[in-house]
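Presented sequentially are two complexes of subunit A, the first with subunit B as partner and the second with subunit C.
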Partner chain A sequence: MITRRYVIRRIIYMAITFFVAITLVFLLPRLAPGNPVLIILLTKYGGIVKPQQLKILESELHISGTLWQQYVSFWISLLHGNFGPSFYYYPQSVSSLIITHIPWTFFLLGTSTIISIVLGVAVGSYSGWKRGYSDSFLQSFSIGLTAVPYFWLALIFQLVFAVLVVINGTHILPVAGAYGYFVTPGFNYQFVISLLKHSILPLATLVITSFPGFALLMRNTVVTVLDEDYVLQAKAKGLSLNTIRKSYVNKNAILPVATSVGLAFAGIVGGAFIVEEVFSYPGIGYLLYNAVTVYDYPLEEGIFLIIVIVTILANFAVDLLYAYLDPRVVLK
Partner chain B sequence: MTNVRIDKERMEAVTSSRPTTRFKDFMSKLWKHKKGKAGLIILFGLVIFALIGHFAAPYNPLANNAPAFQPPSHAHLLGTDYIGQDILSWFMVGTGTSLVVGFTIAILSALIGVTVGVIAGYFGGKTDDVLMRAVDVLLVIPGFPLLVILQTFLPPTLETTVLILSILGWPFLARVIRSQTLTLKERQYVLASKLSGLSGMQIIFRDIIPMLIPIITINAIFIAVGGVVAQAGLAFFGLGDLRSVNWGTELYYFFNQDGIAYKAWWWLLPPGIGIIILGLGANFLSNGIFETTKPQKGG
Partner chain C sequence: MMSFPLLEVKDISVEYGVDGKTIKAVSHVNLEINKGDIVAIVGESGSGKSTLAMTFLNLIEKPGRIRNGKVNYRGAKGVVDVLRMRPVDLMRYRWKEVSMIFQSAMNSLNPVMRIEDQLKDVMIEHGTVESAVDAKIDEKLKLAGLTTSVKKSYPHELSGGMKQRVNIALALACDPKLLIADEATTALDVVVQRQILTRLLKLKQDLSLSLVFITHDISLVANIAEIINVMYAGKIVERASAKQLFGNPLHPYTEALLNSIPTLEKGTAIKGIKGTPPDLSKEIKGCPFADRCPKMYDRCLAESPELKNVGDNHYVSCHLY
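And now, the complex of A and B:
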């Protein structure tokens, strides 16, 4: 059950979180030394510039006037969805850059999260139900995998598929980009195949490093649920083991896994960003990596704010979904 | 009078040899626990490895007088990198840096997390509300992008990275400590301390925090590993002090200096295996601590 009071309170918390993030993004560059306008001018125009141009740039970057005036104008443009111009890709705006890149990140994040949950739940449920030898093997295997850092695994995949396993001069799997050079984006067979092939290694990296967490949690809750009286009663009633497992154990054990998705998601975001860097996958993680290397501060700030909004909303959605799945949960 | 006497007894109980015998007790229990023992050995081994690297690495890790991209040989057991630095020496010295980074982050984070958690749990009310909302905000903001944005505008030194990671590392611990404190403060002996006139701070330091040490240690271990990985990830993204010799910068240079094109597997494997060994050791040790210090029911 979800009360209206709960929803309103959550919205207020989300607003506070967002307010903190925006204020941080506003203050940090202003505490750091150096004039951002000069950085743009030096990198882009070799430092030759007219005074009027300087004024226009300053107002576009909200660095004229008192700190308070800057803060207000910063907020006003943010509320208009305007994150200002990018330093490096100037005069392209940060918003337009993010809009063109974010679908790729959504694709990677969404697909890898769903596959990880499904795989984790399946493995964990099997492991907790079977117990014994296969259980302890799967458990140590999962613990071992959680210790593998995703950026290292991504590099291993690069090394193996880019240079070590090359048959007759062709790669088995593509190691960079989101689709091939010679396919035209659109809804055609070649594009979809190329898209899928390019996503295999990035997805594999993310899934291999994030599914064991779900598997371990699922395994532990299955073991706890098996001790419950209603499972004993179901057995006494003579229900088939398959029915017990599906309708009694898995259904109940999956709930704690659902609550963990929200927090795990924040971690998978970081993983996706670094994986995009390694595989030159054109999402906002790759964009952020490029922004870092060329000191494109507005772009970094815009990406940060967008990903904060996405994570907060995803968390909220997961909580609502949880209350919907489990009628015993009362969110008030 | 009685107040004073009880207080004295308590003082004696705390300041006598009890803590050290308790520690010895705990260590011997942990040593008998299979996983706890494995964890201790693995982590101790890593520390020894790092110490050898600090005092007696085969080469200066920054000396580049060997040919570049040499596969492992007798002279260079793990080969050389893009400018002919000895990778084994790099890895040994880097292990030390990464361990110190993780250890420092764990200590600082634990200090903040325990302070916030105990204060929120013990005093409750408005203080609790404000602190826990701050924790919620920090937990929900995705860590890696936040790290990137902070490190961008702060000085690129290893100290800054450690500080940022410590400031971001504590919220989960604070939440755990708060919920533990909530149950502990209802215990009989805490009530007895209250009746005997001890102040809130005295109770916190004598009755509550000592009971929380196992759970603090377990969480601190995971914060340490998380810190090492986060620092490595940040360095890999090109942020922080890239001249520092650690596991993260090793991977950064591998990726950015054509390690892949030269098929330099000997350069890529060590830091990843280092992180995996650290992660496994931490997991075993925390598992051992958890199982040997499980609270007995009714205590």
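And now, the complex of A and C:
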């Protein structure tokens, strides 16, 4: 049950959270040591830099003046929905950069998150229900996998499938990128095939490292629910095992999983930092990584802004979803 | 005509394997329930009464296991052993022939399903046609003394007494022949207890049900049960009609149990029973009640007594008789 009062209060809270988070987004890059202007001048133009040049560029990039002045102009541009040009990819605007990169992240993380959840819930539910060998296997497998760093797994995949193993003179899978060098993006057969081929390794890395978490969580709640009195009563009622599993066990066991599912979806926009970097996958994670390394303030701010908004909204959505799934939850 | 019992429990033993120990929860119990009977099983916590009732539905699960014995049920197609049914037949038997109001009625409703859906799934499973379900749900809720508006509710929206009634409605959903009420009123206050009991008795009359009452509260069943079984340490130690049992308790345990009931008369002190029930994971050589029994003599420690008829269908398992 959800009251209107709850929704209004929640919106106020979200606004406060947003304000605080955005302020941090503004401050954090500026607190990091190093000067973006110097980096741009040195990497792009090299040579000796005159103080006047530095000043001109600083004012051009809105990083002259006091921190307070910068903060005010930051809010003004934010309210105009305009982050201006990126420092590093100058003169490309931050919004256009995000717009070109975000579909790749949506594709990669959307797919891997959905596969991980479906696979995790299915495996966990089966394993908790059956117990026995498959359950012991799942547990040791999952715990083992959490000890494996996923960038390491990504590197091993690259090494094995894109470097070492050669069949008929070609590698099984491409080593990096989102699609092949010689295909033109669009709805054509070659592009789609190339796209899928390039996505296999990053997808596999992401799924293998994130589905055991869901599986383990689901498995544990299933085991707990199986001990509940209403499950015993359902058996006494002579219901089929299928009905018991669906309406009595899974319906109750899914509740704690719903929370982590919601937050996993919030993570989609942030991209997979390291996996995108290792596979040079042109998503948001890759973009953010580059932005941080070259002190590209506006780009960092733009990406963080989107992550903040989506995270706040996803949290809200998870609460609403929870109230929908569990009739005992009252949001007022 | 010789009447064959509706349900006949033969020499049943149930064990629980916990931490490498084997706990003999029920050992070698025999019991008969005839059509239309009200049978009570009375005993303290851990005496095995709930475990015994679970065998009626073949509901013993790991770590429990049924060591030996039979549960013969007389259905439309003759007598069948519930413990050796095919899974499909067992599904049809459960709830349709024998249903149960569980001990933990507060937690035995699915928290995320509406009451009507929990009644509906079992009705459909046992062959009620979709179009008849709604009317039948209303009928069962009314039988249990509820207004039909509760069907749209979730369990957490109901009070304890209402949940208990929902469980009664559930137990009646498929018109069973035998209803087991396992501590059905324990968690409720006396006023609601009374209401629920009266309701169950009325249903028994109207629907020609057989009833099994399981309780630790012997006074509760004094006025309603026709036959009372007293259980102690996994065994039935005395079986008699309510009149015989209250008028002339034979087993020292029954006697002690009756002495521990508070009365309204002045000057009668409540007496407890000294000691604690025996550890069921250890082999008991003699009578399980021996070390708490005021009338114990050497034979009690050496030899386990059998349940025997001492006349007029009064059974007792004690060396004194």
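As a working rule, the second predicted complex is superposed on the first by the 276 of 332 C-alpha atoms of A that agree within 3 Å, B and C clash if a C-alpha of one lies under 4 Å from a C-alpha of the other, contacts with A are read in each partner's own complex, and residues count from 1 in each chain.
In this section, a residue touches a chain if its C-beta (ideal position, glycine included) is under 8 Å from a C-beta of that chain, and two chains touch if they have at least 3 such contacts.
It should be emphasised that the depicted structure is a prediction, and the values quoted were computed from it without experimental measurement.
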Contacts of A:Val25 with subunit B and subunit C, given as first, second, both or neither: first
Contact breadth on subunit A, by residue count: subunit C or subunit B: B
Touched partner set for A:Pro327, first subunit B, second subunit C, both or neither: second
Subunit B versus subunit C as contact partner of A:Ile56, first or second or both or neither: neither
Partner chain(s) touched by A:Ala176 [first = subunit B, second = subunit C, both, neither]: neither
Partner chain in contact with A:Gly238 - subunit B first, subunit C second, else both or neither: second
Contacts of A:Leu196 with subunit B and subunit C, given as first, second, both or neither: neither
Touched partner set for A:Ile76, first subunit B, second subunit C, both or neither: neither
Common ground on subunit A, meaning residues reached by subunit C in one complex and by subunit B in the other: none
In the complex, subunit C residues that touch subunit A: 57, 59, 61, 90-96, 99-100, 102, 104, 107-113, 117, 121-122, 125-126, 154, 156, 170
Residues of subunit A touching subunit B in the complex: 13, 16-17, 20-21, 24-25, 28-29, 31-32, 143-144, 146-149, 151-153, 155-156, 158-159, 162-164, 263, 266-267, 269-271, 273-274, 277-278, 288-289, 292-293, 297, 300-301, 303-304, 307-308, 311-312, 315
Residues of subunit A touching subunit C in the complex: 228-230, 232-240, 243, 247-248, 251-252, 255, 325-328
Subunit B to subunit A touching residues, read off their complex: 133, 136-137, 139-146, 148-150, 152-154, 225, 229, 232-233, 236-239, 251, 254-255, 259-261, 263, 265, 268, 271-272, 275-276, 278-280, 283
